[in-house]
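Have a look at the structure below before the remarks.
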Amino acid sequence: MRRQLAQAKIFLTRRLAALVAAAAVGAASTSALPTTWSLAGATVARAPASAAAPTRILCLSASATQMLYAIGAGHQVIGVDKYSTYPPGTPLTKFTGYETSAEDYLYLKPDLVIFAFPTNLVKQLKLLGIASLVLSPATSFANVYSQLAELGAVTGHRAGALAAESSLEAHVAAAVRTAGGAGRGDTYYIELDPDYYYTATSKTFIGAEFSLFGMIDVADPAAHGSAYPAISAEYVLKENPDYVFLADTVCCHQTPATFAARPGFGILRAVKLHHVIGVNDSVASQWGPHTIESFVRLIAGTLR
Amino acid sequence: MLEILAVSVRLGTNMALQEVSATVPGGGWLGVIGPNGAGKSTLMRAVAGLVPYSGHVRVAGREYRVAEHRQRALAVAYVPQRPLLPREMTVTDYVLLGRSPHHSYLGAETARDRRAAGVVLERLELARFARRPLAQLSGGESQRAVLARALVQEAPVLVLDEPTTSLDLGHGQLVMELVDQLRRERDICVLCAIHDLTLAGQYADSLMVLFEGRSVLFGAPAEVVTEANISRFFGARVQVAPGGAGPTVTPVRGPAGAGGNKGVGVNASQ
Amino acid sequence: MTALAGGGRGHQGQLKPRSGPAATASGAGPAGAGAGQAGTAVVRPTRLGPSHVLVAAGFLLSAALVSVLVGPADLPAKGVLEEIAGKLPFVHLRAGLGTTGDVVLWQLRMPRMVLGGLVGAMLAVAGASYQGVFSNALADPYLLGVASGAGLGATLAIVYAPGESVGPVSALPAAAFAGALVAVAATFALARPKSYERSAASLVLAGVAVAAFFTAVQTFIQQEQNSVDLTVVYSWILGGLSTAGWSQVELVLPYVLVAAAALFACRRLLDVLAVGDEEATSVGVRAQRVRLVVVAAATLGTAAAVSVSGLIGFVGIIVPHTIRLLAGPSYRRIIPLSLMYGAGFLILADLLARTVLSPQEVPLGVVTAFLGAPFFLIVLRQARRTG
């Protein structure tokens, strides 16, 4: 079974970014929570009674969890989904966000629930008087920063959000500096599935991370409009990328050794130069500050 | 009264019937005989409105358009050669299907329908099978059930396609007797396709011979059923003896080596 | 030869009972219950009896009640019953649950239970109707391409228009609905019956071709997409009841009501079709027209159901067939009982789906298969023993 990928739908996040920008402007000038966001038809309303920040947040998005703790709102979190393993010590629950009845969450008495994708649960929670927030997978750094800002506004940690944004920017810039221009113009192949050669183009968020270093994605010409196309072994052989990153180490047990052992792959430049690197699958499905920082550091380390 | 006027049926590229005409008075019985493939079944189905035809079929002077199935069902009842008997349907429900044209299209049967069915079940000695599924009936009993379904339609024309084919001698006779009785009682026109020439002659008032889609002979059984005619149109060697109710046909076996259907045809010289 | 006394001469074709001594030699003698005139048998056509209805209604109501009593929010049973009773006319009770409990009951559990009932009823009655018009006890409501059409529509919506809306309706159910209708329309367009006997068979064959084509297109589109979309598509295909208040119920209710009413009205005609197209026509029932109306109604309702619930299998075969084994082959019973038992069955299946692995949900199509198949085998074995 394939694992979850963060599929960013361009118009959804564009809409989100636009609304968040407007909300952020609005939020900056008032101390109240933004009252409604329209996210692809799902109207998110804040809890009717209080204007105070939520103190019982149920966060069902691993990336949002990272963000919450990064901006200093960790003490307001009373539950996270089972995949929110960073930072360690989060209050894990057995939920995934794919439940079909909001009743499941009632025992936690949340006042805000955060999802990573639109779901009917938003409406159900609204009927129960519980606010929700949908933060869809980011496709760019701008998305990440705006999500940080939004969470800062919602939880009453605007300053913490600004600090987190600066911190993230600094870390990313530092990593790019460390690479010192190495890797500029080099090609890479990021693998998400070993059977069908699913990969990510530079139009995805992970692609944006590579673009920081000026690297070129071999999958771009083969995209045919999809952000996550399936290419083929032959294509990889033909393109002969300089670097290969395996993001299917957890789901599909791939390692540089198994990659090199594939028929014909011994001749690849990346294999010969030992530029095949295995990374945790979550780099392609999460966009929290910790994930981003670790990954860009890893890329910089690889390139040097 | 049933009038068949120049009825022709085209099946694919083949003219299954060509300009067949006949008249059956109320209470009369017209038997249709002929060799295999002559078009007997096709004629039955055309009169029942189940195949498209050119020409006219009139019941009591009224002709029914293709779309008027319900009205036609009130005028013509049809007993097919191989009826489809739903195994688990009870005899009562099956017979009541014949009342469909009488009650409203979507509605249930009325008390009148149930009375009519009761009379027919009684008459055809099916009352004790009334609640049984059709699968539990013998050949003769199920053929009576099919006949009951047709009779309960209370139509002035009864079309039977080989009603005795799957029945033994006794049951075949029983069915023919029943039909004969009922047609006299109720003034029903009977149009009956039949293989058995003796049986045909014994019950029908008149016979029509179909050959290759055409009506080639028409008349009283004694006139139609002759050795010469049978040899000519059926290619069979028989002996015909005059009987009480109708001519008796006895097949005659020829000398060893002599063939069967040689030279069968309208213009055959024999 | 039996003696058949002639009766009076009636009008042409009309039947009159025999008079005379032979009249008493019948199975139902004069002492028999309710024999009309002398010489007529007692005729009891198959009917839907009050006992059938009561048992089915009892089953449905119990299933519905249990379904709203069970859930992770742990609502007190007494409170739930008081709430429900309070909504009945002329009954005045204090509200039994708090505000949250009230919302959980009326906005979360009730809509889901009602949706399950509507979908289950529709799938079962559609399956029964298809079995009637195709004279095949294995026909299911997806026979003519509804499943593949809805699947293609859903895939297109998930992949190309996620989160989009068509007016007040979100794209997924609208696309699934449209896809189902297009597929069945294609089936009808392709099936050109040349004679009465072949019309049913040609429809089924055309349905097979259309289904294969639509499924191939759907698979092709899926292949191009990534695994999140695939997961969503597959979980839709496996079926589930996910509600957001009463909106899904409002969406499907008109279609299901119209379709179920039409099929209910045609139930007696389905019995006539059991003797085949030709004989049905000879008693005044045009099989092709009945088939068209029934298939149209069943398709409309099934498409609506599938658009909100995905492809839930087995209900359309298991429920009508079980009823057939227990209550007989007449559609006068099978159609109305399918509505009630289908609703109850799916409500119970959904209850199981959401409690067995709570808080995870087992896809509803998996549960119906797990529940349906063994139960059906049991009923089949019992029927063989008695029948």
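So that you can tell them apart, the chains are marked A, B and C in the order they are listed, and the count of residues begins at 1 in each.
One rule holds for everything that comes next: contacts are C-beta pairs under 8 Å (C-beta built on N, C-alpha and C of every residue); 3 or more make two chains touch, one makes a residue touch a chain.
Small disclaimer: the values here were computed from a predicted structure and weren't measured.
A.B. asks: Mind naming the chain pair that shares the most C-beta pairs in contact?
C.D. replies: Top-ranked chain pair by contact count is B-C.
A.B. asks: Relative to chain C, which chain's C-alpha centre is the most remote?
C.D. replies: A
A.B. asks: Comparing chain centres built from Cα atoms against the global Cα centre, which chain wins on proximity?
C.D. replies: That would be C.
A.B. asks: So the centre of each chain is just the mean of its C-alpha atoms; given that, what is the distance between chain A and chain C in Å?
C.D. replies: For chain A versus chain C, the centre distance works out to 44 Å.
A.B. asks: What whole-Å value do you get for the distance between chain B and chain C if each is reduced to the mean of its CA atoms?
C.D. replies: Roughly 41 Å, centre to centre.
A.B. asks: Distance from the CA centroid of chain A to that of chain B, rounded to the nearest Å?
C.D. replies: It comes to 80 Å between the two C-alpha centres.
A.B. asks: What does chain C use to touch chain B in their complex?
C.D. replies: Its residues touching chain B are 1-2, 4, 6-18, 23, 26-28, 35-37, 39-46, 196, 265-266, 268-269, 271-272, 274-276, 278-279, 281-286, 328-330, 332.
A.B. asks: Please output the residues of chain C touching chain A within their complex, sorted ascending.
C.D. replies: 71-74, 99-100, 103-104, 107-109, 112, 162-165, 170, 223-231, 240-245, 247, 354, 358-361
A.B. asks: Taking the complex as given, what residues does chain A use to touch chain C?
C.D. replies: Touching chain C: residues 2-7, 9, 12, 39-41, 94-96, 98-104, 106-107, 118, 120, 122-124, 127-129, 192-193, 198, 224, 226-230 of chain A.
A.B. asks: Which bits of chain B are touching chain C when the two form their complex?
C.D. replies: 26, 45, 48-50, 60, 69-74, 76-78, 80, 83-86, 88-90, 92-94, 96-98, 100-101, 105-109, 114-123, 125-128, 130-131, 149, 151-156, 173-174, 177-178, 181, 184-188
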